[in-house]
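Each of the two complexes below includes chain A, the first together with chain B, the second together with chain C.
Entry: the complex of A and B
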């Protein structure tokens, strides 16, 4: 068990390291373009050269990579070009806002999709199953920005029931959370539902369920006590991995509803060519993604007794 | 995939007829037919765009930017879906937008598949260090949240059609590689591969002529789904202002440009939304139908 955990964490660290090299290569390795982004397009060659010299950009690339990585690890992400404050100061509050949004999405999406998946997979091919399956395909086919527009049209323009933006200018307001959460749940629940359905359908065909049925156990009991336990193992991984998907999803939704979160920060940073902010956002996003992947793997191994630790 | 009995050598079936029969199988699935219909609708619209579109998608009908000084008839017809904030006909823009999406999305998906299949075949057939290296590279790229990766790439290299195709190839190639690799690992131990190896065929021949055609079933289903994702991606990039540069009509861009007006003129945003949703829905339904049909036999 200890060896397994150590292996997983070592692999996680290696991935992080490789990703940091990739981010460095994409954004940082060309010093000249960094200087243009920091000093602006109208800076003179002389200014850029001085800036590059001051900030050690004439060192060999590998030396620069290690200094860069060192300061990243120390939590020093540099200074945001647009906000003129250290990146960390902007990043953490935004990340917290996104965590709140993401938490609410998960709180609604997971129970909803698991219930629907179980209902659909319980009797494969029934009318209920077909309705849920087709419904899930339709909702996953509507891109987030389209469903933002459509839901906005219904609830803001037509019914006038909800606010159209979620800027939270006057403190936290729950009614402003409804639309962003609804859009993300609508787009995301289909995938988990399908996984749960497939897993449930597979379990329902296994011999031990037939035995339970033939034994004369009530149907409810067969589903809740016998089938559900095994059927939940496979979707567990999928649910954890949805965090990775959510990090993409929030970019669109936060942009649309002007919610002050991580996704909007990344997008603003990229539109403003705010290079240090982009680097920090990308690294944080990957850190969260790789971390959740590791948790998913460990959790799956822990839940499934058929997998032995090697 | 059918095992042929030794002794009888059946005549090789005509390839074209075989393909048509395969396409016809989709008739067995209602869901698949609906999907096929939606896709065909958009394909025909895209091909006939110059004939179907009532107006030039880029021309601004100035009286409609400053409302109603001239009757619509003076422009030679009605604006079926209205005009946008610059007085351009929305219907024509949607029609020409279809052309764009249906060029870029398949092209990007095709490139991603070319790379993914090459990597997957190499990793699955050669095994050893080739497999290790390619799989690790794939793991690293896949550990990025996908849209974060797109934003970083487009920021670095700028927004243009080519860059979008390259970004999609880079981001979804590894995912395709994983699928192909899994299929190859299953197929490489089959008898016909062993037979080809005994005949002394080259690794290239075995990979592309023996293994790849037999892996096509799951890949076609996946390609349909991926085409849907790519369509969404191109729409999302357009929506975020990172897509194809204006003024050319692009569904995502149309929504982004006009969404500020959505509170009093929702028609400008709703119709492009419906267009992109219906196209993606068509692709997803077709994929579902294909899977259903392929599981039947």
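Entry: the complex of A and C
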């Protein structure tokens, strides 16, 4: 078990290291353009040269890389060009906001989709199954940018029931969470539901369920006690990987509802070529991606005793 | 009409009044020119009322204004560290509640005294004396004095600061790019009087002082850190409470009395809803904000369908120009530029790209709303001529060119697409390179071919000075024409609108003939607000003036 965990973590670190080299190379290799970004288009060549020298741009690339990596690890991401404050000052609050949004989406989406998936998978081909399946396919087929417009039109412009943007400028307001959460849940729940349904349907076909049914166990008990645990294995991975999707999937929703989260930050950083902020965002995104992958692997192994810790 | 009751006035004023009386000059031109020459707006309006019998004063509000409430405005909140280098009116709008300008261009496009209570120009318009208000105090307790004004002008005219005021007040510095301020250009007469000595006559000095990058900071601004957010010392009626780029700017009214009289609002809250126009409108429709900074023309029908919102519209000298860099191939060849110009049907672009909400332009950047505008013969779309010009320029088989253009607002890329379609029949293959704002505005002065939006300026000569004079920072086309510069100097010093028009007409012809820009149209601006907002009008240059705005809470 310990060896397995160590291996997973070593692999995780290696991936992040590789990505960090890529991020560094892609964004920092051209020092001149960084200087223009920081000092502005009217800066003189002399000012730019001085800035590059001060910031060690004339050192060999590997020295710069390790200096950069060192300060990244110490939590010093540099100063944002657009916001004119240290990157960490904007990054962490925005990440927290996205975590709140993502957390609420999960709280609603996971129980909802698991329940619907079990209901559909219990009796494959039943009317209930077909209704849920068709519904899930439809909502998953509507991308966030379309459902944002549609739901915004219905609830903001037509019914006037919900606030149009979710900037939270007057403090946290639950009503401002409704539309972004609704859009993300609508898009995301179908996938998990269908995974759960397929997994459940497969388990329901297996011999031990048939045996349990034949020996006269109550149906409810068969489902909850015997079928569910085994059926959860495949959807578990999908659910964990949804964290990854959320981190990028929120960009559209955060932009549309003016929610001050990580996705909008990443978008604005890219649009404004805020180099240090992009680097920090990229590393955070990679960390979340690799981290969730590792958790999914470990959890999967734990849930499925057929996989040995080797 | 007697001039005694007007006090000491500029020698030209009596002639202006005679012109007004004889109908030679319109009332708006009279108001604009006479206020520029130091007549107070009240007096100027009074003259108009007397002469024409019309009451041009803004109609008094039927209701007594009520105090209180925070006005919420949806607008991008950008960094506002140093007013001298502002390049967006949004920055000026936020900062204007803290630091103020010597003059103010009102929503009616008339310039009024502000921190300067009056001014007199010498008869040759080369020497201007500005009298500062004596009752203005900085928020740190200091008196507002001439040293503050001098500090700012010296800073703006330092070529190393990179201020757009370097071009705006070019006549206070040497004629070449990089020249420093002329000795004795800005002289302190006493604590509340400043004299400006220009090397050429300049009519639009008070106008230029009302432009958004000409906000006056405290005389120790640089000494005390040079950061308006960390050290928001100002003369304005509000103090900065919270500020976050990309998020919000919250102001509350200062406790001490404001020099400009009563201010009704308790505060102002700018909220950044990002770059999605849908989000702005959604915020307004659901009552999260009271006013939008702007409304894109594409959204006007949506607001018209919402009877609970108020739509505001104003005709402006705002425009977009597809400018060709005359130093970069293939645009260094005037024949190529003229060929491009020959392909354009200006009325057609206005209709296709801006829903006809404006007037067609004529590639010389002087608008019909400018007093000195001269009508030129209408340009005609002529593909045969375009093809001939191209062949003569050495491109008989057509040419491939690219225009850089910003993604938002949508009318800009839309206009470029229409231009591309119009050029195609002549064999000019224009590809439109649409890029995000941050990227575009970093290279707007360097791209070989770029589409740039230009804001409203009250006089035609102002924008010509900013954008087409040799070597000024905003000369994005790198246009350099000694004859043009000389005529521009001349026009900038002519007070008489008719006489100025004669010179401006030549400037228009030169610029149009050299085909430096394709300027399809002048556009109207729009915004929308809640019905309980009072005393707010849409400014033609998108400035937010809210010192007289109040919220009807009843």
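The rule is simple: the second predicted complex is superposed on the first by the 309 of 310 C-alpha atoms of A that agree within 3 Å, B and C clash if a C-alpha of one lies under 4 Å from a C-alpha of the other, contacts with A are read in each partner's own complex, and residues count from 1 in each chain.
Heads up, the rule we're going with is that a residue touches a chain if its C-beta (ideal position, glycine included) is under 8 Å from a C-beta of that chain, and two chains touch if they have at least 3 such contacts.
Note that the structure is predicted; figures quoted are calculated from it, not measured.
Participant: Which partner does A:69 contact after superposing on A: first (chain B), second (chain C), both, neither?
Facilitator: neither
Participant: Between chain B (first) and chain C (second), which does A:271 come into contact with in this model arrangement: first, second, both, or neither?
Facilitator: Touch status of A:271: both partners.
Participant: Considering only the touch criterion stated at the top, classify A:84 as touching first (chain B), second (chain C), both, or neither.
Facilitator: In the superposed model, A:84 contacts chain C only, not chain B.
Participant: Check the residue A:167 against both partner chains and state whether it touches chain B (first), chain C (second), both, or neither.
Facilitator: Touch status of A:167: second partner only.
Participant: Which chain makes contact with more of the residues of chain A, chain B or else chain C?
Facilitator: Ranking chain B and chain C by residues of chain A touched puts B first.
Participant: When the two structures are overlaid on chain A, which partner does A:156 contact: first (chain B), second (chain C), both, or neither?
Facilitator: After superposing on A, A:156 lies in contact with both chain B and chain C.
Participant: For A:143, using the defined touch cut-off, is the partner it touches chain B, chain C, both, or neither? Pick first, second, both or neither.
Facilitator: So A:143 only meets chain B here.
Participant: Considering only the touch criterion stated at the top, classify A:198 as touching first (chain B), second (chain C), both, or neither.
Facilitator: So A:198 meets neither chain B nor chain C here.
Participant: Going by the contact rule set out at the top, does A:256 touch chain B (first), chain C (second), both, or neither?
Facilitator: The answer is both, since A:256 touches chain B and chain C.
Participant: Which residues form the common part of the chain A surface touched by chain B and by chain C?
Facilitator: 149, 152, 156-157, 164, 255-256, 270-271, 273
Participant: Touching chain B in the complex: which residues of chain A?
Facilitator: Counting only chain A, the residues touching chain B are 15, 18-19, 22-23, 26-27, 133-134, 137-138, 140-146, 149-150, 152-153, 156-157, 164, 244-245, 247-249, 251-252, 255-256, 266-267, 270-271, 273, 278, 281-282, 285-286, 289-290, 293.
Participant: Which stretch or stretches of chain C touch chain A in the complex?
Facilitator: 79, 81, 85, 160, 162, 244-248, 269, 271-276, 278-279, 281-288, 306, 436-439, 442-443, 445-446, 473
Participant: Any idea which chain B residues touch chain A in the complex?
Facilitator: For chain B paired with chain A, touching residues are 31, 136, 139-141, 143-148, 151-156, 228, 232, 235-236, 239-242, 252, 255-256, 259, 262-263, 266, 269-270, 273-274, 276-277, 280-281, 283-285, 288.
Participant: Enumerate the contact residues on chain A facing chain C in the complex.
Facilitator: Chain A reaches chain C through residues 36-37, 40-44, 82-85, 149, 152, 156-157, 160, 162-165, 167, 169, 255-258, 260, 264, 268, 270-274.
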